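Taking it in order: structure first as structure tokens, then the write-up.
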Amino acid sequence: MLGGWPPPVLDPAGPFAGPVTMVAWVLFVMGAVVLAVVLIALGVALFGPRKWKRRVGGERLVWIGGLAFPVVVLTGLLIYGLSVTARVSDAPRDGEMRVRITGEMWWWRVAYLDGQGRETVQDANEVHIPVGRPVVIELESADVIHSLWVPRLGGKTDMIPGRRNFMRLQADRPGVYAGQCAEYCGGPHALMGFVVVAHADADFEAWRARQAASAAPSALPGAGVFSASGCGACHTIRGTEANGLAGPDLTHVGSRQTLGAGILPNNQGTMAGWIADSQGIKPGNRMPSYPVLTGRELRDLAAYLDSLK
Amino acid sequence: MTSETGFDVRKYDRFPTEGSRPDGELEQLEAAWCGPRRPGEWITAINNNIIGVYYVGAAMLFFVLAGVLALLMRTQLALPMTGFLPQETYNQIFTMHGTVMMFLFAVPAVEALGVLLLPQMLGARDLPFPRLGAYAFWAYLIGGLAFFCSLFFGLAPDGGWFMYPPLTGMTYSPGINADFWLLGIGFIEISAIAGAIEIIVGVLKTRAPGMTLDKLPVFPWAMLIFACMIIIAFPSVILATLLLELERALGWPFFDPLKGGDPMLWQHLFWFFGHPEVYIIFLPAAGAMSTIIPAMARTRLVGQPLVVMAMLATGFISFGVWAHHMFTTGMPQISINYFSAASMAVSVPAGVQVFAWIATIAAGKMRFSTPGLFAVGGLIIFVMGGLTGVMVAMVPFDWQAHDSYFIVAHLHYVLIGGMVFPMFAAIYYWLPMSSVRPLSERMGKWIFWLMFAGHNIAFMPMHLTGLMGMPRRVYTYLPGRGWDLPNFISTIGAFLFGLAVLLWVIDMIRNFRPFGPREAGNIHDGPGLEWLPSGYYSVRSVPVVKSLYPLWEQKGLAKEVEEGRWFLPGAAGGERQTLVTSPLNAEPQYVLRLPRPSPWHVFGAVFTAGFFLILTIQAYAVAVVSGVLAIYCIMRWCWFLDAPHNRKTTDIGAGIRMPNYVSGPSSHGWWAMVIVLIVGGMVCLLAGFSYVFLWSRRPDLWQASPAMASLMLHLGVLALAGLCAAVAPRMLRRARTGAETLATALLVVSAVGAATAVGLELRAWWSAGLKPDATSQGAAVFALLGWAGAFAGIGVLMGLYILLRRAFGRLSADRPSTVDLIGLFLAYTAGQAAMVLLLIRLFPGAGP
Amino acid sequence: MAVGLGLAACADKGGASRDLAGADAAEGLRLVRTHGCGACHAIPGVAWPRGRTGGSLAGVAARPMIAGRLPNQPAVMAAFVRDAPSLLPDTGMPPMRLSEAEARDIAAYLYTLDDD
């Protein structure tokens, strides 16, 4: 199958995207019909026989085509649009599962909230949801305006500093859904990707339990490289002394789908490449390249991080 | 028909006059209006026939430059993850492409068309403020070029053309790139507003006699609405840029949420300007379409009153749709519904115009010469853009399409179909008016078809790329998402478009010969007054207009006009003159003496541009020097205004005599001052809105206002200042001995009083502990007082100016305009300051 | 498969032996992409990323040595792709999660890269 086909906006995978796709098709049909009407009228006006031209060439056409016709079509569309708007966007209710996603330059901080709104599990650049259930996403920003967009699951909503917005995500089938920052946020905005992973209920609970655990003490040599290189100044690995907050939480980085915010597959090789030359891969991002590590150190570090499942 | 001014319209029947014109009359007219003779005079020239050509040329230059930027971007995006442009460069280029196209091409281009065409269309000799127009042009050209050159130093802004904070704030954009945007836009604000004043006063006050509003052609109607929209919309971007620059330079937290600011304030202010801006660009182009299509189809425009009503409706509704750029920001449902409805409603008047054009084409027989092709092509493209516009007005769809390539496609369809194609139609249609040779028809057809194909090949696939999930403003994209192919096709289309523009440039170089002895003239058989035989003085004599299509329906008009058998056939006393008429029925009111070329406005423009640019590179001392020089040059230029006349009246033909000087509400200067004050008032109103908006976000940060007694004192001082300003003109008119001195003294007292009151108010807040960089309240209060204070400061400069005029004997009771206008300004200044004080003291009450 | 054989045949010119018979170079390219080998290497046929950490692989088929130290033979290449540290303990290239067959596919692709 060709990548990108069918277009994600027209290939909805959940109830917050489906009605919008329906709206899109209605609009496309409307657009095609109106364009055809205009082109036919224009064709008659330009090339039509005199008798036809006379019927088109008067103020009546302006009243009917320019005023009455659009008013009727637009009123219908408006009523339809408003009803879908109301259905798709509904204020969050108590008892719904909540995830807080904070846009940062140029990655996403993800926190799963408990019933009291406290952050329980930390993650980055991907959000895991159970299939068939709506999840309320709280959208915040740590710096500039970002916008979270997962086309197959619904429209986008902005993350605005000093405000908190909401959206809902729901996927009807397990799978991985790509997303991206949609509001220009400077520098490598183009490379600020995101994925939503939808699990069957049981898998989701297992994932959540795994994610809530701290990292087990590791005897791998890479753990030493990690602390000696000062990675802990920016990154947290729960269960170790690394507790930096500037960058993504790495407690379970080995289990993530992607590296560099949705842009690289995640394995030891890409991990090593990212650490050694993150600025070459994603110019301008906040993580410095570490070309000073020896080959063995780099490999050990990658192996250690990869072991954090 | 009742008369508007007391002028007896039966006097129109005396024209065309019989008998031969006196010897030497034409020679005197030509001498008064002679074009540049020395090279330097091409720079000091102010005639609209010269400045208008420069203006259109400069706008098209920026079109080509921004188009080159577009080709660079399309080259980068032709393939995924290419390294053709580094990230920072791409981000600067896309920001500059949008900014230059919107601010340095689109708005100036339609304004330039107005400057070039309006006097001829209206039967005026020139616009009412030719020197202001020339000043605006030079400030725009110098400022625009310098702004563009920031790209070559890597200093161009990179925050996107709408410059959302906090990305554009000091924290995330510490370089001077963003300042270049903010100050660069300053020129455009100045030139746009200066142009708007010209156009409003020009259309309302300098029409040919008999050209009542129902005989006003569509293009001037469009320009009138355009100019009014600029007056209402531009203050919003003026304020927004001021606030962001204050935040960047001084740390006043308008948009910083940590201190009570809100990034959404910028979005509201920017789009309150930004969406009307789209119609500001579109309406004059639509006016051009409504002129060109009937001419090319050789028939009257079907439903002209409907078309004018539609344009007026567009103007009104466009101010109620700004938040449709913000559907994804988490606005309340009720606002979303309203803005969705309004956004759909605004497409109705566009539909009316489109069908009026189609009906006109059907009623006549369309000629497929180049202007006709561009008009029809533009119509088709515009309709497609309008349809996607309706789609994105549907909120759920917009949530998906917003900030994706679908929007890129939509906006280019609207702007290219609604503005660029009509602009090319206009160039091909009207160019024979200014050039010895018309452009090549054969080349024109090639250019049209290449451009039409290129446009669709470039932008049609972008609808799909957007639906495939590609966001806007990305310097590259990952492979494997299916975006490669549509992007590659878009790039091919963009280069075809570029080729068309290149061919057009070649055509211009080969055939465009302006300022010649005799223009190509009315090769399209157009019906408007602009096709009358003309020179730098516009028409030889100003006809009475009896029809919307005078050249078609008033037989023999061209010959009579050229023989000087209508109004104002000469240049009495060797002066440049134009006829001022009344706004509704265009009855002659007085003869306006127009200025002659001078270098002062050019120097003024150079130093104004210098001030802004030098300020940007933070050489503050040099900037201040440049600013002072700019003020000096402008004062120097004003110095010769309001000069004495040798004769009280002029014979405007057939023995009708009109005064050479009028003051008060029927004078052109009074109108211009009122428009300036409306701009000031709009800025102040929006600043008041910002104040309330910021309060609503963080009422807990609001502190109590200073003691009420001080408010009473300050209001008292302002009342005195207002009173002095209001009575000064009356005192002058009493014409007793010493009246000039008394009026001068009153104005000076008023200016000083207003400045004092604002200063005292500032001190009161400062002592009460309010600091502008600490909270949003501080920022908002000091900004409002700063605005009031800036007016008071200008008032003080005016006081100085009037003192000098008094000292040099350039004030006189029988020429009260200078005192009138300064009095008006100062009265407004006092009133505005009083409103500001009341707002910041009484709203929202005495603190939490 | 035919394509793969064709490519493998081409690889012969670059000095590879018959050890990679049956390996699928096209599949190798797909694996190179999905495993993100580009994070460290610039690889012809991979638009992005074009990593700088591990050096360019353009012309790797024609080089005498792998990583400057090992003989450039198909079996060594396949083994190196899969588990470099076992051959060169100091290398920065981590072991990759690949089956032997997958590693042979990748090696087959690399042997198509015979000119710079």
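Letters are used for the chains, namely A, B and C, taken in the order the chains are written, and counting of residues starts over at 1 for each.
As a convention for this text, a residue touches a chain if its C-beta (ideal position, glycine included) is under 8 Å from a C-beta of that chain, and two chains touch if they have at least 3 such contacts.
Remember, it's a predicted structure, so these values are computed and weren't measured experimentally.
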{"item": "Chains touching both chain B and chain C, listed by label", "value": "A"}
{"item": "Maximum inter-chain contact count - chain pair", "value": "A-B"}
{"item": "Label of the chain whose CA centroid is most distant from the centroid of chain A", "value": "B"}
{"item": "Averaged-CA centre spacing for the pair chain C and chain B, given as whole angstrom", "value": "63"}
{"item": "Gap in Å, rounded to a whole number, between the CA centres of chain C and chain A", "value": "34"}
{"item": "Distance between the centres, which are taken as Cα means, of chain B and chain A, whole angstrom", "value": "40"}
{"item": "Residues within chain C bordering two or more other chains", "value": "49"}
{"item": "Residue list for chain A, restricted to those that touch at least two other chains", "value": "none"}
{"item": "In chain B, residues with contacts to at least two other chains", "value": "478, 480"}
{"item": "Chain C - residues contacting chain B, complex", "value": "33, 47-50"}
{"item": "Residue ranges of chain B touching chain C (in the complex, touch as defined)", "value": "79-82, 478-480"}
{"item": "Complex interface listing, chain A residues touching chain C", "value": "259, 264-265, 267-274, 276-277, 280-281, 291, 293-296, 298-299, 302-303, 306"}
{"item": "Complex contact set, residues of chain B against chain A", "value": "86-88, 91, 158-160, 164, 166-167, 171-173, 257-258, 261-264, 302-303, 306, 310, 328-330, 333, 336-337, 340-341, 344-345, 347-348, 351-356, 358-364, 366, 376, 379-380, 383-384, 387-388, 390-391, 393-404, 464, 466-469, 471-478, 480-483, 697"}
{"item": "Complex contacts: residues of chain C adjacent to chain A", "value": "34-40, 49, 51-54, 85, 89-97"}
